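Two complexes are shown next, each including chain A; its partner changes from chain B in the first to chain C in the second.
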Partner chain A sequence: MSSQLLQLHVCKLPRLKKSRRNSGIPLHFFIPTLPNPAPSNNRSLFPYSPANQSVTVRRPFPLSHGTTTLGFIFQGGVIAAADTRASAGGLVACPEVHKITPIHSHLVVTSSGSGADCMLWERILTREIRLYQLRHRRCLSIRGTAKLLSFMLHPFKGTEVCVALTLCGWDKDLIYVCSDGARLQGDIFSVGSGSPYAYGVLDRDLRWSLSKEEAISLAREAVFRATHRDAYSGNNVDLFHVTAQGWSQRKREDLKEEYYRDMKRKTNIVEG
Partner chain B sequence: MEYLIGIQGPDFVLVAADNVAASSIIQMKHDYDKMFKLSEKILLLCVGEAGDTVQFAEYIQKNVQLYKMRNGYELSPSAAANFTRKNLADYLRSRTPYHVNLLLAGYDDADGPGLYYMDYLSSLAKAPFAAHGYGAFLTLSILDRHYRPDLTRDEALDLLKKCVEELRKRFILNLHSFTVRLIDKEGIHDLEKLTAGAK
Partner chain C sequence: MISAHGFGDPGKMKEYHYTGPVEHRFSPYAFNGGTVLAVAGEDFAIVASDTRLSEGYSIHSRDSPKCYKLTDTTVIGCSGFHGDCLTLTKIIDARLKMYKHSNNKSMTSGAIAAMLSTILYGRRFFPYYVYNIIGGLDEHGKGAVYSFDPVGSYQRDTYKAGGSASAMLQPLLDNQIGFKNMEGVQHVPLTRDKAVQLVKDVFISAAERDVYTGDALRVCVITKEGINEQTIPLRKD
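Right, the complex of A and B next:
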């Protein structure tokens, strides 16, 4: 009697066609490439691209890559910092987004580009890393993670997927992976529309021998200056510090306070 | 934006590549190596679209190494160049062409040194000297003028320095430093990087 009931209640879900070659991602994720021959790689810093006529899906508002994220390595580990504004065209879609996501206890990833794409690919990456850990009984290295992510993103090159992630790991490794296919390992990366401003602050004052407090305050300063000048970055700053013991997150700070402190400092200099 | 150059001598090949990895207006890395070691005496220099370069070059690199594992001996530079060209040509009219410009430099124990120029339309030419990038417009005439088939290693390095000097003077972009390598019958040698301060 019960087995009959079970047979009645088992509903046949349509089998999702998965692509084993592409690590089990359902095949309908793979948008077929458009007939246009050359994928345009001119990613301008402005969110509007009226010349891009070859859109399959009409968007309700133009997407933007408005963000400031940065990561750098110093003697005390790796610092990852980002603002928290998600912009869509000219409006602030959400002032309190998490742009830095921990993947596992010793790896965080900062994201920029399209928010939805980043969230999805972070989840896919987390799943793949966990599967690797379960299958091989060891953690995949940061470089391996970056390579895996780069290969998973490769089929989507030339489509509208826009993902630029910086993997910050315990091994004092900092790797930038982007949906264009770039995979760069380095000591300092800043990504997003506010990145030139952040580079301006970081390139001057970053040294290997910084203490942890100095590094955190430098990262905060860099994000603050970038959010001050860039319209598409702002609100708060998130700071993560990754060491051999794992990642630790600082309390989210409102950059408005930083601005008032800076104004006060400037008036004191003028007066004093 | 990126620059590759190769000069072949009587028993060596000298190659150099700039060290900039750029993303729109920002230099993301100043010390990026654009040369891929295919085997003990073959180097592949690869520039072009952001992800395509690394993907394609690593694919060729691993396949050349696989050939060695399967057959016990390495591919000659000429065979490697033709293999690379064939792959590039096969992908050219597919949905995912690779937009890469290559220089393949190698030393064959039987045939001597060889420099192969390949572009993104998979045309292949064996040349005594070659360059890729906007910088090539400025430097090919220098190579035309001063190249001789019997250059010594020092003369070839001087010729390379002349080209880099010209880039520093006239090229609109700041290519700060260049990786330089030399291939001869002993293998691949790393030479000193050419940087802005060096003369």
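Right, the complex of A and C next:
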């Protein structure tokens, strides 16, 4: 019954109308049913009311969280960088997660928050963007994509869905969308438990006029410093560069080597 | 027997003095123990699990393996809450049949993994308490392992341990199969016999140190010839 209500609510949004001609998997196969179905009075118009927050079953296991991701714009396009650690409680659930995923050839999204939520919502977003492209024969703009994502996440506001995505697009656009409902455009975003450390490094050296190599090295340095100080970030750094020609991925780099090089540099400074 | 053990944070001491009447909510979850392991090789995959089914201080069964055959090239290992494991495998089997009837072919390992992810996420707010690992051969005949968290996040790996002894086994696998944190060691690709021997050794170690793992080990080796199952006894105490 709640899935029918969700269908109704979803159908009210213009872009997500399920066309009867399409025999694709309906959206309710992907989107989970809300924890408490709204009673059939006028409260159904406000799915973010306290009904979402009332008692749910206590989970006996922790979910993956904790990260450092960043994105910034400069003259040569957009850089997106992230670490690759997924932690669940105190355990490293996976040391080689992909936190930056391409949505299509010119749009890349960095994810932070709960691992499963981000992965599934990225899949849903990719599906919707592809459907839009097939139906309307053009790519949806980055701002439109961000709006679509924000509207799709809205019914889950107040629940424990925790998604904080930064869309990095070809048009030198950087938009941060989160499950609390925020949708912000900006020049520089860093998200996650390691973001304060990354912001410190970025704020010092970031300028519009950076060259591509300088920008890449700055992003790498910011993630490296954040992984050094934040327990929940670590392992490798992923780097994507998005331009009008599309995205390109730099080879994943293990930060263990970088740490030893840095230590060596410091001892040389002290001795030399 | 309802366990008096709460699933609270590990390592925290529980207070035992009387603090007044406390309301205990019925918990729909139970932890039935068990460990699952999967390794992917060049042209084979191995999925192994112990066969002990426990709850709290009791053992319900010594012969309850946690590997379930899905197709001729895919095996899934599910550990956690046994009730959810059974229901989940029933749902996966039903969806596999539906796919076979609509599309006239079996699902590939990658497709099963993607489908399981959406099934698990469909219950985001009342999750299946199951740690899944899928092992099988992909369309090119190479070994593939997909590991899941209880809410549907998944990843293709070379090796993964899940279940009660996973935190003990995963570092051992990182070292022996991934050659992590070893300097100056030649990275030799894993042969099938060596992999099976390694899995047996790893489970013997797990049975020593984890109370929920033991009794027997069921190993399923998946190659293009089919699925070969072996059962090896483990500690029963």
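Just so we're on the same page, the second predicted complex is superposed on the first by the 211 of 272 C-alpha atoms of A that agree within 3 Å, B and C clash if a C-alpha of one lies under 4 Å from a C-alpha of the other, contacts with A are read in each partner's own complex, and residues count from 1 in each chain.
Note that a residue touches a chain if its C-beta (ideal position, glycine included) is under 8 Å from a C-beta of that chain, and two chains touch if they have at least 3 such contacts.
Here the structure is a predicted model, which means the values were calculated and not measured.
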- Is A:119 contacted by the first partner chain B, the second partner chain C, both or neither? second
- Message: Quick one: is A:88 in contact with chain B, with chain C, with both, or with neither? Answer first, second, both or neither.
- Response: second
- Query: Regarding the shared-chain residue A:97, is it in contact with chain B (first), chain C (second), both, or neither?
  - Reply: second
- Query: Just chain B (first), just chain C (second), both, or neither: which does A:263 touch?
  - Reply: neither
- For A:199, select first, second, both or neither according to whether it touches chain B, chain C, the two together, or no partner. first
- Task: Classify the contacts of A:131 with the two partner chains as first (chain B alone), second (chain C alone), both, or neither.
- Result: neither
- Message: According to the stated criteria, A:157 is in contact with first (chain B), second (chain C), both, or neither; which is it?
- Response: first
- Query: Any idea whether chain B or chain C touches more of chain A?
  - Reply: C
- Residues of chain A at both interfaces, chain B in one complex, chain C in the other: 33
- chain B-facing residues of chain A, complex: 33, 38, 41, 43-45, 150, 154, 157-158, 176, 178, 180-184, 186, 189, 195-196, 199
- chain A-touching residues of chain B, taken from the complex the two chains share: 21, 23-26, 28-29, 32, 49-52, 54-55, 95-96, 99
- Task: Provide the residue numbers of chain C that touch chain A in the complex, in ascending order.
- Result: 7, 9, 25, 27-29, 31, 117-118, 120-127, 129, 147, 149-155, 157, 167
- chain C-touching residues of chain A, taken from the complex the two chains share: 29-30, 32-35, 56-61, 63-64, 86, 88-89, 91, 93-94, 96-98, 114-120, 123, 159-161
